[in-house]
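First chain A sits with chain B, and in the next complex the same chain sits with chain C.
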Partner chain A sequence: MTALGSWFISALEELGGVTRFFILILRTAFRTRGNLSRTCEQIVSVTLRSLPTVMFAGLFVGAILVLQYNLVLERYDAQSLLGGLNTSSVLREIGPLIISFLLAGKIGAYTAAELGTMRVTEQIDAIECLGTNPIQYLIVPRFVGIVISSVLLLILGLMVSIGGSMWVAQTLCGINMLQYATSIPQFTDGTTIAGGMFKSLCYGTIVGLVSCYKGYTATGGARGVGRAVTMAAVLTNFYIIIANFFSSMAIDIATETIRLIGEKFR
Partner chain B sequence: MSIRFENVTKSFGPKTVLRDVSFEVAKGEILFVLGKSGMGKSVTLKHIVGTMKPTSGRVYVDGQDVTALDAEGLSDVRRKCGMVFQHPALLDSLSVFENVAFGLRTPQYIRQLPRPLTELEIEKIVIEKLSLVNLNKDILRQMPSEISYGMQKRVSLARTLAPGPQYLLFDEPTTGLDPISTTAVNDLIFELSRKLKVTSVVVSHDMACALKIADRVLVLDQAKILALETVTEIKKSKEPLIQDFLSETLALGSTQP
Partner chain C sequence: MTTQLVAALEALGSPISEQLATLRYSFVLFFELIAESFRQLLRPSRAPEVIQQIVSIGIGSLPIITVSTAFAGFVVTNEIAWHMDRALHSVTMIPGLTGQFVLRELGIAVPALLLVAKVGASITAEVGSMKVTEQIDALKLLGIEPVGYLVYPRFVATVVASACLTLIASAMTLAAAISVACTRFGFSLLEYLNALRHFVTYRDLVCALTKGIVFGAVIPIISCAYGFRCKGGAEGVGTATTNSVVTSTVAIILLDFILTFLFTRVL
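Showing the complex of A and B:
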């Protein structure tokens, strides 16, 4: 019981630390003059580094879902719904979730390791002592870069996923691409796309925030950096799963509200 | 114009590394802070630049209470203080030139100038500071990972000197350096202090070096000041720890105290 209590307290402290760090980033980003070139550099570097992984993952996420849905729909002779069902699932749930897990492993771990190494080798202290705010110089460009490139990568990953699904549906399930595409609007509308984008933004924020926080607060030499990287990966995935639940709920409520408003004005 | 510690106590959880420590460093003075590992020597330096806050007590730089300053106030204090770290602490992603020029491009530095420096002027300062630490301009475009550890430490020193600090804080500046570079760095600390009236606080294990260039020596032990004396007084000290340091120096034969 005592162990559970201390775990709960340390989890709350961790959450408090991350929240304070997020506020600090936002305050610094809005109060000080941003470094556009460093931010753009980060966006390009993060996007290019993760593009092949995300494309590859996106392709297979779509393909797996097509095969799974096809098994069920075939039984009820409802394969004409495959495109819609698959695209809706990929856009709203599976795509953002799996791609952001990959980003957490690749970009999150890289960022935590880079910042952690800078911290334990006193590079961050040196920046501070030379009269530069390390949050402004190091963290804001990385955070903004990760958030923006996460959204870009998720969009690209989802597009590849949809394209890959169509190809798998035609090649392995014998469903015509046109038939597949025609069913997409039945299950996918503007709110589905907006929902996917909203989730991508949330998950990108989590990846950027947690990895920067764990790296920036790393202590204790090489072991400390290793611990920071592991914790960054674990916590990012943990927070993403929680965020997935709440963002799905929020999207459902928003979709229902929009539908009701639409009906009222019809 | 001085650094003053007033009843400073610093604890990390149950461990107290500084207890009620008070001392003052006068302008142009070279103060060596000696002590065994883990006795709060580096912590003392970090309090001066405000990267660490005391648990209680006050630290003054030029009469300004560093412990009470906000981020902007701290930036101004840090502009006056140059800190040389235990590690070279060079930014991996920047070349030697960019590292040394880093402090010349900060808003705090530019603000005190009538106009921002041109790239040519920056390059001139960078080359001048590198030559001060016995490095030539051939390494300007190299990355920190492409030069030796000793060279990295000297580049780090050049970076600290570039913005022309009034206070120099050295955290074991000669660790990992060859004897020639060690002598060069020690001579440089001495010259800067004497010619430019730069105040220096040097954290070190090197009693030989302290006896050679320090004005006063502060010895920390068990979180307290064991001695704060001139070199002549230190040489006569009967404290066992100081005796140990002195006998170690004699054994190494690097100096004749």
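Showing the complex of A and C:
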């Protein structure tokens, strides 16, 4: 009980630190001149570095879901729904969640390691001594770059996942690709895609924010960098799950409101 | 021109060959660990260390895993119910779908991926910083085998902790699923459990435990391999930790697919 309580308090402290850092980044981003070339550099390097891994993971996430859904739907003799159910839950729920877990390692841990190394080897202090604002010079381009490339990567991963699950459904579950594809529009529409994009944006922000924060505040040699990387990965995953809950709720409410407004004007 | 091309290819290939070398080393480590396990079974000498690691890994990861899986359970049940409602205009399939999905997938994959970040990354960071500060070389000089001394306790502890945490997380996710079904869709607890019984059998539990144990074995092996092959200062530790998290995550997703496929065929 005591352990749980102290864990809860330290989790709240972390959350406060991250929120303050977020406000600091936003303030710096809007008050100072942006650095377009460094931001683009970040986008390109982050996207290219993570592309193969994300596509690989996306393919298998779709494949796992197809197998699981098929198992249940077989019993109800409702395999004709497989395509729709699978695509919809990949887009709305499982796809962004699992792929962003991967991004937490691939992008989040990498950035935390990079910034943490700069911090413990006193490079960030050196930048400060030279009169440059490290938040403006290091953090803002990274943060913006990570958010944009995470969204790009998540969208790409989801597309690979949908295509891959179609292929897996045909080869492993014996469901015709055409039958699979025709059931997709039953469940997915504009709001599903918009919901997936909204979640991608939320998760991308979390990945960028937590990794920059943990790297920037690292202390104490090689061990400290290791700890910062670990904490960045853990906290990113944890916040993503919590954000998943709240963004699902927000999407549900938004969809419901749109439906009600649509009925009113009909 | 050709030299530039060769240099570019080398720059592209050297991280890949480095990764492959580490993966090969993971397999070596796996066999060494099996040998070490038999040795320890005959003459257990690391039991206190193993128990200490089980406590630190298991209890340390318990709060984050319980909270996260409960949240994941809420969301997924809600999603599945929404889909059912839309597809069949009935929610009667909720217990079957959610129960099986929770026990076969969600209650296993989510804690495993969290363990990668929490346990795997900290093992790599720990072993890696020992390596770069030459503590592992010091161990070897003292005649202590680092695999038996450092890796074996972490390996056993993570396997045990992962198996237990998988069960706890599955129970937690199921509880979340039941609470959503009861409060939002008007199931009573008895109805839900009755419907669940038709779908969930001991097979799902076997499946969950097997996956938990396999994932629990994969995480420390890959993490220790990256830790042992860590090179050069703080930067090296950071890179090794990142690579270990990514490789373990991909390995778990891949193994999840393979195991799921095997279980749909076998069980």
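Worth a mention:
In the analysis below, the second predicted complex is superposed on the first by the 257 of 266 C-alpha atoms of A that agree within 3 Å, B and C clash if a C-alpha of one lies under 4 Å from a C-alpha of the other, contacts with A are read in each partner's own complex, and residues count from 1 in each chain.
In the analysis below, contacts are C-beta pairs under 8 Å (C-beta built on N, C-alpha and C of every residue); 3 or more make two chains touch, one makes a residue touch a chain.
Note that the structure is predicted; figures quoted are calculated from it, not measured.
Contact with neither chain B nor chain C is seen for A:M177 once the two complexes are overlaid on the shared chain.
Set side by side, chain B and chain C differ in how many residues of chain A they touch, and the one touching more is C. In the superposition on chain A, contact of A:Q123 is made with chain B only, not with chain C. With both structures placed on the common chain, the touch criterion links A:N133 to chain B but leaves chain C unconnected. Of the two partner chains placed by the overlay, only chain C lies in contact with A:L81; chain B stays clear of it. When both complexes are aligned on chain A by C-alpha atoms, chain A residues 121 touch chain B in the first and chain C in the second. Of all the residues in chain A, the ones that touch chain B in their complex are 118, 121-123, 125-133.
Partner chain C is touched in their complex by these residues of chain A: 3-4, 7-8, 53, 56-57, 60-61, 63-65, 67-68, 70-72, 75-76, 78, 81, 84-85, 88-89, 92-94, 97-98, 101-102, 104-106, 109-110, 112-114, 116-117, 120-121, 172, 186-187, 221-230, 233-234, 236-238, 241-242, 244-245, 248, 252. Partner chain A is touched in their complex by these residues of chain B: 46, 49, 51, 71, 75, 78-79, 81-83, 85-87, 89-92, 102-103, 106-109, 156, 159, 163.
By the touch criterion given at the top, residues 59, 63-64, 67-68, 71-72, 74-76, 78-80, 82-83, 86-88, 93, 96-97, 100-101, 104-105, 109-110, 113-114, 116-118, 121-122, 124-126, 128-129, 132-133, 199, 233-239, 241-242, 245-246, 248-250, 253-254, 256-257, 260-261, 264 of chain C touch chain A in their complex.
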